[in-house]
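Take a look at the structure below.
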Amino acid sequence: MSTPIRVTVWGENVHEQHEPEVAARYPDGMHGAIAQGVTQHLGDRVTVRTATLQDPEHGLTEEVLRETDVLTWWGHAAHADVADDVVDRVHRHVLAGMGLIVLHSGHWSKIFTKLMGTSCTLRWRSAHDRELVWTVDPTHPIARGVPHPMIIEEDEMYGEFFDIPAPDELVFISSFSGGEVFRSGCTFKRGHGKVFYFRPGDQDYPTYHHDGVRKVIANAVEWAVTVRPERAEPTLLRYETEDFYHGHGYGGPL
Amino acid sequence: MSTPIRVTVWGENVHEQHEPEVAARYPDGMHGAIAQGVTQHLGDRVTVRTATLQDPEHGLTEEVLRETDVLTWWGHAAHADVADDVVDRVHRHVLAGMGLIVLHSGHWSKIFTKLMGTSCTLRWRSAHDRELVWTVDPTHPIARGVPHPMIIEEDEMYGEFFDIPAPDELVFISSFSGGEVFRSGCTFKRGHGKVFYFRPGDQDYPTYHHDGVRKVIANAVEWAVTVRPERAEPTLLRYETEDFYHGHGYGGPL
Amino acid sequence: MSTPIRVTVWGENVHEQHEPEVAARYPDGMHGAIAQGVTQHLGDRVTVRTATLQDPEHGLTEEVLRETDVLTWWGHAAHADVADDVVDRVHRHVLAGMGLIVLHSGHWSKIFTKLMGTSCTLRWRSAHDRELVWTVDPTHPIARGVPHPMIIEEDEMYGEFFDIPAPDELVFISSFSGGEVFRSGCTFKRGHGKVFYFRPGDQDYPTYHHDGVRKVIANAVEWAVTVRPERAEPTLLRYETEDFYHGHGYGGPL
Amino acid sequence: MSTPIRVTVWGENVHEQHEPEVAARYPDGMHGAIAQGVTQHLGDRVTVRTATLQDPEHGLTEEVLRETDVLTWWGHAAHADVADDVVDRVHRHVLAGMGLIVLHSGHWSKIFTKLMGTSCTLRWRSAHDRELVWTVDPTHPIARGVPHPMIIEEDEMYGEFFDIPAPDELVFISSFSGGEVFRSGCTFKRGHGKVFYFRPGDQDYPTYHHDGVRKVIANAVEWAVTVRPERAEPTLLRYETEDFYHGHGYGGPL
């Protein structure tokens, strides 16, 4: 584990450019608010930078990813504009050990659906529902210090069925004023990387100024750091009998 | 559930064309042997057809998939030759409810890696290891009537780490003469579809003539049929408060 | 699998004796209503009998259990009055392959806490909350034909944290008018037996007359039948090298 | 989390008293060897004490448990001699947040079977099998720095079917010279406590002098510390509508 944890907060940064009320709500961008929340809770245990869709290569060059322990992802209006080769690069880094935290509408991002293998669809409504976030795994490090329930006075509603693989760990379940429920905090391991999906957060609500939401994201950053000493993708290798430690590269099937 | 279950056995059918010893081992193709095994065990509870890479659209047209309850997949030498649009079509049908059984070297197929979201790599050796297949979920329907352990006198070795998501259910673990172990029977749900990965089976060994292996595949066919009445992909819809049953189509983010 | 499935519906039958309004709500006892629901949905695919706390050995003799494929359990006021040796007997039969469906306040029964190993505590309130039961595993046989959501106009509230082991499969999540959530449909395998916990149902509400609730219980009955041909507890045995099928009885540690 | 972690290593200490060859192999007792391994790897991050069956209350008084963050458990010949009230006390502390690491033949201890709810039986043989311990969850903290595979030159064999609930996380799978496999590293959460079962280690082999085995146990000690600030059992409480944080004690069912 590198110390401090190197965090890259990725933001789509489209609503902020086109909708004045979003810009007013998040004057430093949604990515700015998320980055502030991580720093607020983890202090000098992290170094945080931001990157956005509009940056060259969306700010996610090979070099940036190599120097990123944990990447957070928020996108919504422009999922389709994220370049496929950047998605492939992020995917490769996750399998090699980079942590990934996918936030709210990032459920429909290319990187999340690629990692899940499913449609990641759900039901939704933006009608100022109150959200209650209940902890169902009280010894999980991501739930440490989080109120039970955590109350978010208003937010967009996401409801089941959420088309994801059954998570490795279900940490939070949300309910909404309207009665819907959602598996709102889910962990997944993929390759050598750890992935956390966290539901709250929408451009139309001040969710990323909510201290509990920020606490969860900060906890997730610490949890998502891989324990492996170096970044390396799982690889297909041939091993001779009794030589358990020296694999040979694959020479092709025929 | 349709009765009988409509099974399509897909075979890459490349080794059989290029390697006389494989053709001698599997005179009806590997897909032919697999199809025979399913019919042998399920009789008139199934109708089985085969399709291969060489068929137009690899034999997996929209019409064929619509009429397929469960698809089995064996590929190895020509994963890259499977057309992406066919893979997308199969993926869509799995999410909509088609069962999928991925066999042996199909672990590296486009459809399996797309459903898993990982590299699906592993360690391997082809050295006539004896494989023992142990049941670790003795009430699972796929294990019904399967010897504990099931002995396969010789087969290719696959060893851990197998880079897949933690399976929903781990049904079988294999050991090999050389000492390696492998999670050799794994279930996954994706969307409305059920997926089973089963390890045994290689072109260089007569594995698909093994009665126990055939029994497992037949059990998996019955297990993989979805319980949902019609094939439908999970869909993102908007729901008004208190109207739980009538979703609206998505109109875009902005 | 025996055909028809032999179901024993166990009811504590205490509230019905002491509270006239419960007796009026459930004139055949709560166990009577549950039994009727199973028969209503499964017809001649089941034979159903009932047993109660007041019967000799609570109606759960060795002979009755031996002839029971699936046992359903409702208790509340008199958990402590269930004899320990009967609990041990039921436990032994579950490990040997008998299915068990634990209903509502049965969460705190001796048999359920013994099978779970935890306190099985939760938060609750009896205040006529509306319950919505959402399916989060849409291909699970227990969810077949169940509305999404299933609406129960009023019922007792149970909320998280529910102190159970993480279930093997999470089938249903409930929300309540008050905003609480609950993992209300959970499967567990223990030994050779299958266990389903289902939340709805309280003596103070007509829950077991609700058709959807009855449908779930009937589905669970079919699901809980073990696939193993004979009832047998897992046993500790010694096996000589290469003799995989003939275990020897344990002779003691010293 | 207390710093340093307070570890109590519990040993049955019976074989060491009755079998000279065991005493020679483990001159400080098996518990002594385990304690040394923990200290060797964690140094001043832990304080380690030992307790044995022969101590008053088996060395596990309320006071000792209250001051124990993580308890390790090895027993074999005298499971039945462990007093039920001590088992209940340990169980209560686990549910309230104490970590528990169960080693090898501890699978059949009263505390482990009570926490699992199953028979915890398995197949076994003591015939100097070589054990290979393979990591199947490479980002799990318990696997950090552990060779893949870890080779134990000789040990007792444990084989499947191991009658435990499906573990929350499967970290290690072992194979043996004879071909058997075993889920040898399994995590479980119970209440507010974390439980790890680790297979290697027998009185007839020098397993607890093996550096890799010691490394795993040390990793598990760090993993098993609960993240909750105070020890408290999950409790059943009544909550009024909209009062999410102030539960009332249970007043009985009638």
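The letters A, B, C and D name the chains in turn, as written, and every chain counts its residues from 1.
Note that contacts are C-beta pairs under 8 Å (C-beta built on N, C-alpha and C of every residue); 3 or more make two chains touch, one makes a residue touch a chain.
Note that this is a predicted model, so its numbers are computed, not measured.
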item	value
Other chains in touch with both chain A and chain B	C, D
Chain pair, C-D or B-D, that carries the greater number of C-beta contacts	C-D
Centroid comparison with chain A (C-alpha atoms), farthest chain	C
Inter-centroid spacing, chain D versus chain B (mean Cα positions, whole Å)	37
Centre-of-Cα separation between chain D and chain C, whole angstrom	30
Overlap residues in chain B, where contacts from two or more other chains coincide	132, 137-138, 149, 159, 161, 166, 168-169, 177, 179-180, 189, 244
Chain C residues touching chain A - in the complex, by the definition given at the top	130, 132, 134-138, 148-149, 159-162, 166, 169-170, 173-177, 179-181, 183
In the complex with chain C, residue positions of chain D that touch it	14-15, 18-19, 76-77, 95, 105, 108, 114-119, 121-125, 127, 129, 159, 161, 163, 165-166, 168, 177-180, 188-191, 233-242, 244, 247, 253-254
Chain C contact footprint on chain B (complex, rising order)	97, 132, 137-141, 143-144, 147, 149, 151, 168-169, 189, 192-194, 226-228, 244-245
